[in-house]
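Residue numbering begins at 1 within each chain, and the chains themselves are lettered A, B and C in the order written.
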Amino acid sequence: MSLKDRNIWLLAPAVLLIALCFLYPVSWLLQRSVSEPVWGLQNYVTIFSKTIYLGVLWNTVAIAGATTILCALIGFPVAYSMVHSTPWVRKVLIFSVLIPFWTSILVRSFAWLVILQGGGVINDILLGIGLVAQPLDLVYNRLGVLIGMVQVLLPFMVFPLYSVMARIDGSYVKAATNLGATPVRAFFRVYLPLCFPGLATGAMLVFIIALGYFITPALLGGRGDIMIAQLIFERIDEFGDWPLASALAIVLLLGTGLLFLLINAFLKIRGGRI
Amino acid sequence: MGDTRKPTGISRRKLLATSLYASASVAALGIAGRPASASVDLEGREMVFASWGGSYQAAQETAYCIPFMDATGAFVIQDGPMNGSKLRTMVESGEPVWDVVDVTDTFLAANEALFEDLDFNIVDASPLDQTYVHKKGIGCIIWSYNVAFNTDVVGSNTPANWADVFDVEKFPGKRALRDRVYPMLEIALMADGVAKDDLYPLDVDRGFAKLDTIKEHAIWYTSNSAAQQLFVDGEVGLGVLLNGRTFDVHKKGAPVNLSWDQNIRSIDYLVIPQGAPNADVAQHFMNATIDAANQALMANLLAYAPCNPAAFGMIEPDVLPWLATTEANADKGVLINAEYWRENLAALTERWTEWKLS
Amino acid sequence: MFHSERFWGRLRGVINVLLVVYMLAPLVVTLVISFSSALYLTFPPPGFSLQWYEKMFDNPTWTRTLWTSVQILVPAAFFATVLGTAAALALSRMQSKWAVVIRSLLMAPLIIPVIITAAAIFGVFRIWGLYGTLTGLIIAHVILTLPFVLATVSANLAVFDKRLEDAAANCGAPPWTAFRRITLPLISPAVMSGMLFAMVISFDELIVSLFLSTPRVRPVTVQMWSNVKGDTDPTIAAIATVLFLFSLFALLIDGLARRRSGRAPGL
């Protein structure tokens, strides 16, 4: 039927654009990971034989994973409130969630430093009311990185969740409670599974964007909070080491792809049971 | 096109160079400085100048580009901000957009193949201190890593040298240190007692061992703006900071000062990317950056040091103490060895990252 | 039951307030600093002054680069939304294995580190004459923002009941009408949030813009970043504040317009 044709026409512009202006130049660049200095896998051997690359890859996954979980924990109630509140509250929430984008990365990080550092706003308050005797270490460590990243990445969790939650028919949950389920049970067995597409999309977006972050971790993190994008940037910027940088990018790409295949497979198995 | 003009250009410039030294008056120098490049007529030509943006590039525009345009009739387009990856990509593609770029000494040393040789038939580097002349670049500013401190935090007990920065008993609390293997290895070795003139080749293991002692007492910064902030807010009492950055907040009233002991000097070079479309104009442009009056103007604007000794006579007295190349300050410090870093930067950067992770 | 509902309502209220504080705190700090009398960035500021606003409005570069950013983000978000939504619709209907491959391809710009994308695009765009043009930046931003639209719309289509559209088709509605009358209204929150993402990502994007911009075509992010070697003063805080007020204003106007026209509150 014409349905198939229609799909092709709907896909064509996006696919052509990405293939021509992204896939073609980027794959030309990435092939250098196997073609230079000589043909072979030497760049991949370097990555997997040196502790720094594996260590930084692990760091990256750990930071991105923690950011994703925090975004989900904060984003879920916020999205729920956006759906179930007055238009005015919804507007305030949407506005607040989008705020970080209006300030440049430098200003944003600087503002966080002012708030979090030893003589910063939070520590001043805590010391002032005598809640702590010593200033807390809120920044220049993993905590600082997470505070900064969650604030920027939250919209990518909230909006997919919001758009899915807004479509969920409240009568399902009512039906469950009427049939004797406790509200908590109804939430976990009925509401949460219905939100799942939004939650999964949000988590995917947050995780992937977090993988590529490096300016925020570099400014708010401690010495151990190095992320892979920073290493790739450094290899290119200072040394022009395209082959190794490309190999790192490919490892990142394949790793992310593999992770999502695993999650997908896992969900399919679980999905059968729900 | 320049072939017929070159000889006259040079002889006139040499003539003027001598007259520059002979004259003592700033005003006279200012006037005499102009016709030097005016011997070249570049009317209708353009070139693209790329640097680090902000007030720094604005000062370079005032000090180098405008005098060059006035003298030759060429037009200089301001571009940037300079970015190593973009520069590299454009040169590797064979057709750079930029004709003159501001790069650091370590970048130039590690990437010499990216740049054109200077044509010393056009470029007259003779007025310069030859330490700051590279076959591919003219030193435009000299800056230094210094022991810096917040006077509100450290009080009268001011740190004098790197040993003080590493002394966690004398100066408890956090210190701000650069998150980069250079100049941190040099700093660690000097803190450990290595004389400034015996630094190279660096004793890497000894340096890292010394760094271990301070690992948990430091905030490692990647951005100079962030570092400025650490000092201004008193988050750290002491540490390492660029002299220009220290001067910037000091003159604006922040309680931040520096010590010149064991300062580590670095050079920013102006270079011509390989294959630059207006390389011939760029070669002539170099003379405008060598000019003593222009270098003095740059120093007066931002306190970055000149490498043309004749410029010192035209620099305001309150700026002089902040410059890395005055005899007094230069004697106390050491020039970073870009040749050493060309050979070792890649391997040591890897080791630095590994060290940070451990 | 009533009691517990009120408890959950209160809890939600508390969470909302905490969220607003968390999200706005850095902006409040920025706002305060933008009125600082100190010549360097410091908090709390020693006194009040409007010097940074004067400095900002005195320098035409800021308004010019802001305008450039708007000229990029509006078409980029528009094309990303149209192309991304179309692709999401097609992919949701495809059963073949190719759908996974195509989806991964369209999502790839999100995963490849931006520095690699930037360098690669820079290379071909120079050959194609797109370097330093608005068109070039718009195309690049469409590539970078399209995955966001695709992902958000796809999530919504996953909970979309296709029988609705089939029903419309069975009743004799042509595909476009069925889409416009049935599908689009149902997925519009997702399309809107996708577009919103596209706009803010485009506005916030730095690395690709850094590669593709020239003095003539320069987005505001590049201008803000372009202060690496000079000094840092509160001008950047003033810019952030102006942008904030501008978006607040847009939100209020939008709210008033909706109230007057009686339209349903959307995003």
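A few remarks follow.
The criterion applied here is as follows: a residue touches a chain if its C-beta (ideal position, glycine included) is under 8 Å from a C-beta of that chain, and two chains touch if they have at least 3 such contacts.
Just so it is clear, the structure is predicted and the values come from calculations on it, not from any experiment.
For chain C, the chain whose average C-alpha position is most distant is B.
Of the two chain pairs shown, A-B and B-C, the one joined by more C-beta contacts is B-C. For this pair, chain A with chain C, the centres built from the Cα atoms lie 16 Å apart.
Centre-to-centre spacing of chain B and chain C amounts to 38 Å, using the average Cα coordinate of each chain. Shown for chain C are the residues that touch two or more other chains, namely 41, 43, 115, 119, 123, 225, 232. Those residues of chain A in touch with two or more other chains are numbered 106, 110, 114, 233, 236-237.
The residues of chain B that reach two or more other chains are 83, 85, 225, 229, 233, listed in rising order.
Remark: chain B residues 83-85, 88, 92, 107, 110-111, 174, 179, 215, 218-220, 222-223, 225-226, 229, 233-235, 345-346, 349-350, 353-354, 356-357 touch chain A in the complex. Those residues of chain A whose C-beta lies close enough to touch chain B in the complex are 50-52, 55-56, 59, 106, 109-110, 113-114, 117-119, 140, 218-219, 222-224, 226, 231, 233-234, 236-241.
On chain C, the positions that touch chain B within their shared complex are 38-43, 115, 118-119, 122-123, 126, 131-132, 210-211, 214-215, 222, 225-232.
Residues 4, 12, 15-16, 19-20, 22-27, 29-30, 33, 41, 43, 83-84, 86-87, 89-91, 93-94, 102, 104-117, 119-121, 123-124, 139-140, 142-143, 146, 148, 150-152, 154-156, 158-160, 175, 186-187, 189-190, 193, 196-197, 200, 203-204, 206, 221, 224-225, 232, 236-237, 239-240, 243-244, 247-248, 251, 255, 265, 267 of chain C touch chain A in their complex. If you check the complex, the residues on chain B that touch chain C are 51-59, 77-83, 85-86, 89-90, 93, 95, 97, 224-225, 228-229, 232-233, 245, 248-249, 252-254, 302.
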